[in-house]
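First subunit A sits with subunit B, and in the next complex the same chain sits with subunit C.
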Partner chain A sequence: MKKFVKLASVACVAAMTVSATTMAAEEFWIGGIGPLTGAVASYGISVKQGAEIAVKEIHEAGDVTIGDTTYEIKLDYQDDQGSEDIAPQAYNTVMDNGANVIMGAVTSGPCIAITSDTYADGILQITPSGSAEDCIANDNAFRICFSDPEQGVAMADYLIDTVGISKVAVIYNTADDYSSGIKEAFEAEFTEKGGEVVASEAFQTGDQEFNTQLTTIQGTDAEAIYVPAYYQDATYITKQAADQGMELPFFGSDGWDGVLGTVTDPALVEGCIFTSPFCASVDEEKTVAFVEAYQEAYDAIPDQFAADGYDCVYTFKAAMEQAQSIESEDLIAAMTEITVDGLTGTMTFDASGAPIKDVLFVTVKDGAYTFVE
Partner chain B sequence: MALLNSILAQLLNGLRIGSIYALIALGYTMVYGIAKMINFAHGDIIMVGAYALYVFVSILHVPAVPAVILTIAFCALMGITIEKVAYKPLRNAQRLAVLITAIGVSYLLQNLALLIFKATPIPFGSIIKVPSIQIAGLTISGLTIVTLAVTALIMAGLTLFVNKTKIGHAMLAVSEDQGAAELMGINVNRTISITFAIGSALAAVAGILYICQYESLIPTLGAIPGIKAFVAAVLGGIGSIPGAMFGGLALGIIESMSKAYISTQLSDAIVFSVLVIVLLLKPSGILGKLSVEKV
Partner chain C sequence: MKKYGKQILGCAAAIAVYVAVTAAVNMGVMSRQMMSLIVPVCMNIMLAVSLCMVVGFLGELSLGHAAFMSIGAYAGALVLKSGLPTVAALPLAVVTGGACAAVLGLIVGIPVLRLRGDYLAITTLAFGEIIKSVFNAATPITGGAGGLKRIPPVTTYRNFTFVYVLMLIVIVLVSNLVNSRHGRAICAIRDNYIAAEAIGIKVSLFKTMAFVLAAFMAGMAGVVYAGNIGILRPGNFDYNTSIEILVMVVLGGMGNITGSIIAAALLTLLPELLRGLSNYRMLVYAIVLIAMMLFSNSPLRRMLAEKRNMRQADKIQ
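What follows is the complex of A and B.
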């Protein structure tokens, strides 16, 4: 009797092994690196969750088939705490776990910290959101989001060519690379196109008092105010401008996304226009579907980092299909040949690793975000 | 004319932010005068006041005027409680122990707010609805007028209170010499409690004015005005009530003027340079008395 049980269980195990190999597809691992704890945790968590939505969608749609092999995309996401010191450890962990490609890092500093390792290993690296130029210095590295200067240049062109404004005042955060990076690119482009920056007023992270800067701007003949900063700053600035009786139109950077959640009166930001790669409240089929799936899974509204993570996974998929291979070399070569129709726009990639996509302009109309026509 | 107008407008900006600094600085300076300690949790009382107002108005739907009174009473009670629980047991301990405790209380308050209200900023519409006025091409917002008027009233009231009432005299006596005041029959514990209550009530007023100006609640909102007001108190002479008023207004105006006419990037550097220069020339602050430390 004992023997029989043993035999039966062996047979059982053997049967299971056989069925496992015939049923399951090959696995294709994305090694994700980003902050899940620490001061910038929300960015890393968003990227991870956005990527998970894409992974799930692709699996439900029947995985990725290359030749006669079907690959199931899997995500192995490791915490780098937003730190340059931890990121290489996180990279080693995902590589030990058998990563085929690298998605990350989420923030610029940690991303730069692993570029030499990914280059030495020859693996395809796409950062969803590392906006510093050095993130994609190597041939194996690509980026989903815009670089900071690109936004500033796009807004300068838009103001002069489309809106027809030639005198502008700028309020920017001198203590923040993001804000001052956009501001510099904006001012250079704006001046080159014949416009004039009549006031360039600085503030510091955490400032709440902007009346002085606004009073100074009121004393100039500025036709608009450009604020490349985060939505909390924009909230203070628009409110204080209204208190002073200012009626100048406001323009902003993608950090403005979320401003409707923090202003006490939506009329304060009515008509403002900001550059944004993604806007969760925009009524567009793909975006709506993503927002719904994301809300169902995580009970939160996705931000642009989630959209970057989502697009990043689809970019890997497109590269696999184009290359008809999962070898790093082939995937990297395929990157410049693909077109990805993502949440953050339709993009292609140039040899430098930067995405080529349109900068989108979002405005607040009747208290809701919409794309500028 | 345009230049004059802009100078006047900037002066008003400076006065408005300066009067908020002055209200907070009064709390620092009164507590220092009496308890000989820097109450680093004082800045966070502003935050508590702002959140208390939010809770009364937006959650409990109390009308504006009673909500303001309740907020002030709540902060005054909070100040007394903090003193009783955290500082009183350390009254005879080393100065450093009290200072560290104050920093601890500050963290406690901030993190409690973080725990209860979360880190996401909460929008809160101003409860002060006074229309702005136009004088000779100069727009003065209603809030500026209210802020200046309230501060002027409070300063006048506080000066009268300290100089004319029995409790005020007791406060002056305790700040002069605690031991001698006790021997003269002054209830030192009660005087200290009253000082904390008044200081915290002033911080509550500052918090209310602050939140009506900026309309956004975050758990760290008291940090920056708290630090600036501390600088103002030191600048005016810590321990001196007129010094705190003067220091607050001066700091606001220097900050606003240097931002407007010198450099927005350098304004903090300029403010702190002024502090360094003043302290080099007059180590006790502009209106402070030089006290000889008895060993």
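What follows is the complex of A and C.
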């Protein structure tokens, strides 16, 4: 009996050591920075949740193995309240906690506020959704989403080359970096290509009354209206345009994603086309799996920010595998060599830090989003 | 000698804090999170002390402090970006920032300070919104909604000494002013407007003076902000920021400079210290704020304060 106990205990110890060696994955920390409170909290929460789905998937698929070591990816996500004032504190907190790479910040301003610090630390920084040009000004910074100008240029090309429209009116938000950034690039490209911007009407964040702008546009010979803005604005604009009896087609930017949830009647946005890297209701294997996992975990439909966060984590994984290292210096070098097949498209990265991927166009057909054929 | 006891104590405290912070930074015992808070704490102390003069001593409610800060920040940032060597650019930026804010303080102050109480509060609030819109619209100079970017980081915690000295200047200036003849005139206006006017105090002059001086100091704090963050966006200087500064002053006890300093430091550090609570962070912060406000108005605190006063009175006797 004694012998048996001894044997059993030896077996136990052996089992424990075995499980310890297989369990003892090193930890690889992603320092996430984004708004979890404040006016733009929804973006930061989406990115965090999208990233969490990816982290969980990678862990279930057996973590990331580099040489003899297995790394378990972990996410340490800190709130920056969408404010430049708080972002440096959030960044330094994740650094205190031992972050290996930085995912963030989610919005452009806070992202720019930490770029000089991340550059000084030489750490790999990938912003899932900071679309301003300056977010990736340094060599250590990369981006998952499109920049604002890229979207504007893509839409201008699409309108002239594919749709065949040469006279367009623009409604944009002067108080918003994103909206005015797209608008400038769009107008420059559109005029360059021989089109004419017949009206360029401004509004401010929080405006709900667009009749003045729409009336002005009605007095021109515009063939379409381009609205680079968020879906809340698009909701008011399309409704008021319909009330005025306007029948011009609408085009938008990726901020339009979600417009079906707020319009009173889906018919108002039927046929509108907007640039978008991700669309939750598209019937594609990867997207469907992600949307299901997301719905199960958070009981919500993922938006573009969640997809950006998800892709960001997979980009880190691809860089680790390519570099065969977890040192930021090697990871940064590997970034330009990897190809990530993500939810927001198959992308590679150029030396400037921008992603190279196709711009996709989404339209509303029979009250549902689909990609333009 | 006794007369200077308080000043000596203040100097000792200032030096002790400086030595402690510098030592902690250089010896590497301070976490990076805390290091990144050094400058915001100093900046908020400058803002709170300067607003304390208007709200606490002059007794007028101003909700436009963030606007003065933003003017200083933009003016200073443009100087910093001009390419001058830092040694020259930084002092020049601070003076320019302060001066621009003071000039606007004067322009706004002369007509607006004829109003009192709630009316003044609303007018300064509106002034803040105007400034914000101007910065949004003046894209060629201010970068518009996207913000003024790539400001040289010259007032980060590595330049702690400069920021700290600037903060001490503000504190000394305000506390000395308050104890001077002018300061007594300002307090007299607060305590009884009519009586002050009747004994010959030039009410408008003193009101404008206090207002302009506060604007100047807020402008300097704005430059510190610009050099620390590196990007300025008009949206960050809305009335919420003004109210945050006001909260510090109110929590510190109106007209109490030491209180304002402590409250400013506490309210800057608190949200960061609560990071461990993740999702409940801002909720707990708000609850703590309510609790602190209740405490500072509670009979318990009043009793403690009275006891302390009595003890001090005993000592003097």
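Everything below uses one rule, namely that the second predicted complex is superposed on the first by the 351 of 373 C-alpha atoms of A that agree within 3 Å, B and C clash if a C-alpha of one lies under 4 Å from a C-alpha of the other, contacts with A are read in each partner's own complex, and residues count from 1 in each chain.
By definition in this document, a contact is a pair of C-beta atoms (placed from the backbone, for glycine too) under 8 Å apart; a residue touches a chain by one contact, two chains touch by 3 or more.
All values derive from a computational prediction rather than experimental measurement.
**Student:** Quick check on the subunit A-based superposition: subunit B and subunit C, clash or fit?
**Tutor:** Aligned through their shared chain, the two binders fit side by side on subunit A.
**Student:** Examine A:Q78 and indicate which partner it touches, taking first as subunit B and second as subunit C; both and neither are also allowed.
**Tutor:** In the superposition, A:Q78 contacts subunit C only.
**Student:** Based on the superposed arrangement, let me know which partner A:L36 touches: subunit B (first), subunit C (second), both, or neither?
**Tutor:** In the superposed model, A:L36 contacts subunit C only, not subunit B.
**Student:** Does subunit B (first) or subunit C (second) touch A:Q324, or do both, or does neither?
**Tutor:** Touch partners of A:Q324: none, neither subunit B nor subunit C.
**Student:** Can A:M95 be said to touch subunit B (first), subunit C (second), both, or neither?
**Tutor:** second
**Student:** Using the superposition on chain A described above, determine whether A:D177 touches subunit B (first), subunit C (second), both, or neither.
**Tutor:** A:D177: touches subunit C, not subunit B.
**Student:** In the overlay of the two complexes, what angle sits at the CA centre of subunit A between those of subunit B and subunit C, given in steps of 10 degrees?
**Tutor:** In the superposed arrangement it comes to 60 degrees.
**Student:** Scan A:K239 for contacts with subunit B and subunit C and give back first, second, both or neither.
**Tutor:** Touch status of A:K239: first partner only.
**Student:** Using the touch definition from the top, say if A:S352 reaches subunit B (first), subunit C (second), both or neither.
**Tutor:** Neither partner.
**Student:** Looking at the overlay, what does A:Q208 touch: subunit B (first), subunit C (second), both, or neither?
**Tutor:** first
**Student:** On the combined arrangement from the superposition, state the nearest Cα-Cα distance between subunit B and subunit C in Å.
**Tutor:** It comes out at 6 Å between the closest C-alpha atoms.
**Student:** Do any residues of subunit A touch both subunit B and subunit C, and if so, which are they?
**Tutor:** Subunit A residues touching both partners: 174.
**Student:** Can you list the subunit A residues touching subunit B in their complex?
**Tutor:** That would be residues 174, 201-204, 206-209, 211-213, 215-216, 218-219, 232, 235-236, 239-240, 243-245, 261-265 of subunit A.
**Student:** Mind pulling up the subunit B residues that touch subunit A in the complex?
**Tutor:** 2-3, 6, 9-10, 13-14, 16-17, 120-121, 123-126, 132, 139, 141, 143, 213-216, 218, 220-221, 223-224, 255-256, 259-260, 263-265, 268
**Student:** Which stretch or stretches of subunit A touch subunit C in the complex?
**Tutor:** On the subunit A side, the touching residues are 36-37, 78-79, 81, 83-86, 88-89, 91-93, 95-96, 108-109, 112-113, 116, 132, 134, 173-177, 180-181.
**Student:** Can you name the residues of subunit C that touch subunit A in the complex?
**Tutor:** Interface residues on the subunit C side: 31-33, 35-37, 40, 136-137, 144-147, 149-150, 153, 225, 228-231, 233-236, 271-272, 275, 278-279, 281-282.
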